[in-house]
Amino acid sequence: MSVKQLQLRAPQQGLFEFTAQVQVLVQESHISEGLCTLFVQHTSASLLIQENADPDVRTDLNNWFKRLVPEGDSLYTHTMEGADDMPAHIKSALTATSLSIPILNNRLTLGTWQGIYLWEHRRRGGMRTVVVHLGQ
Amino acid sequence: MSVKQLQLRAPQQGLFEFTAQVQVLVQESHISEGLCTLFVQHTSASLLIQENADPDVRTDLNNWFKRLVPEGDSLYTHTMEGADDMPAHIKSALTATSLSIPILNNRLTLGTWQGIYLWEHRRRGGMRTVVVHLGQ
Amino acid sequence: MSVKQLQLRAPQQGLFEFTAQVQVLVQESHISEGLCTLFVQHTSASLLIQENADPDVRTDLNNWFKRLVPEGDSLYTHTMEGADDMPAHIKSALTATSLSIPILNNRLTLGTWQGIYLWEHRRRGGMRTVVVHLGQ
């Protein structure tokens, strides 16, 4: 069992894949069968498992969420941290803060088309931290 | 500790309960106290824990999501896999890819009205795979 | 490893923080490195990790979801349990039923601004149960 941290660069809104970094941690853990849990330490970025084939899927996902949760909505009272901040919190609430993926044969049991993404919801994200728990 | 697979038949859009199949795996594991984690290996189907009493709840859930994420939206650029494909990816992003349920007395600690469902978002789903991790 | 229960008072719609109660369970477990998993035993309340600084964020989150999923929508066929019941099920489906947070140095690895909330979606909630699994 181990708890690790990944520092991920997410400079702007959108989906950033980090499947390979998680796979490396799984291999280094030497866990044959177990569970890998990811936890993002932020309230304006989230985690997503999505199709890793056609990049249009990620573009459409990001644009659909931007339209559903637009900036400048008169409903918002929390506006002091920028027009993109409250939409980022709402998008985080609509998506995942933690994700768990079983491990088999020392590999994540992802489906053929599944990739792991950090979803940055701020216009300027910067570095984001994902905590990774690897257990049996 | 063990990692198992469930093959579930989901022929059309909607919610398909598989609580009983998970409960059998928990019983066979002989784990008295622990954690059961479910992971769906697809990006156009998801997992949901919802009311198992009135079937109208599932109908309304499915119809509400269909209206929120309609087919044929001019926003979509990913259209080559069918009109229902991009809405399916968005619905998956809005719901759960993994779920964890504690185990007590060799049973899932589900609430009285909670059932476990596979939510098929494609018009023609077919067979779907859920990986089940049972640990302490 | 242990499985505990928290009884939380959620008298009306909105977000109720219970970070401190979870932190106490983690400390009592004496687990240095591990994983804490929360599971809500209801289908009209959910779990959320969100900003614990500006309370306006929680107000805006709650109001945004109320507008997205209004009461009295003619789409609903499940109406016999009150006008707030079907919206509560939909809001639950859009948010989290389970959450996992790694433990390091016998503490939850929450980010600086992250708090753990029970999100009550009914007008009159009452007592809600969250099951807590603490493992390595």
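When the chains are written out, they are named A, B and C in that same order, and each has its own residue count from 1.
To be clear about the criterion, contacts are C-beta pairs under 8 Å (C-beta built on N, C-alpha and C of every residue); 3 or more make two chains touch, one makes a residue touch a chain.
Only a predicted model underlies this, so the values are computations on that prediction, with no experimental measurement involved.
Its C-alpha atoms superposed on chain B, chain A is turned by 120 degrees; the angle is given in steps of 5. By the residue-number overlap criterion, the interface of chain A with chain C counts as different, with under half of its numbers used by both chains.
Measuring from the averaged C-alpha position of chain A to that of chain C gives a distance of 20 Å.
Contact with two or more other chains is made by residues 94, 96, 100, 135 of chain C.
Per the touch definition, chain C reaches chain B in the complex via residues 1-3, 37, 39, 41-43, 69, 73, 75-78, 80, 86, 89-90, 92-94, 96-98, 100, 129, 131-133, 135. Residue ranges on chain B touching chain C, taken from their complex, read 33-35, 48-51, 54, 56-57, 59-61, 63-65, 67, 94-96, 99-104, 109-114, 135-136.
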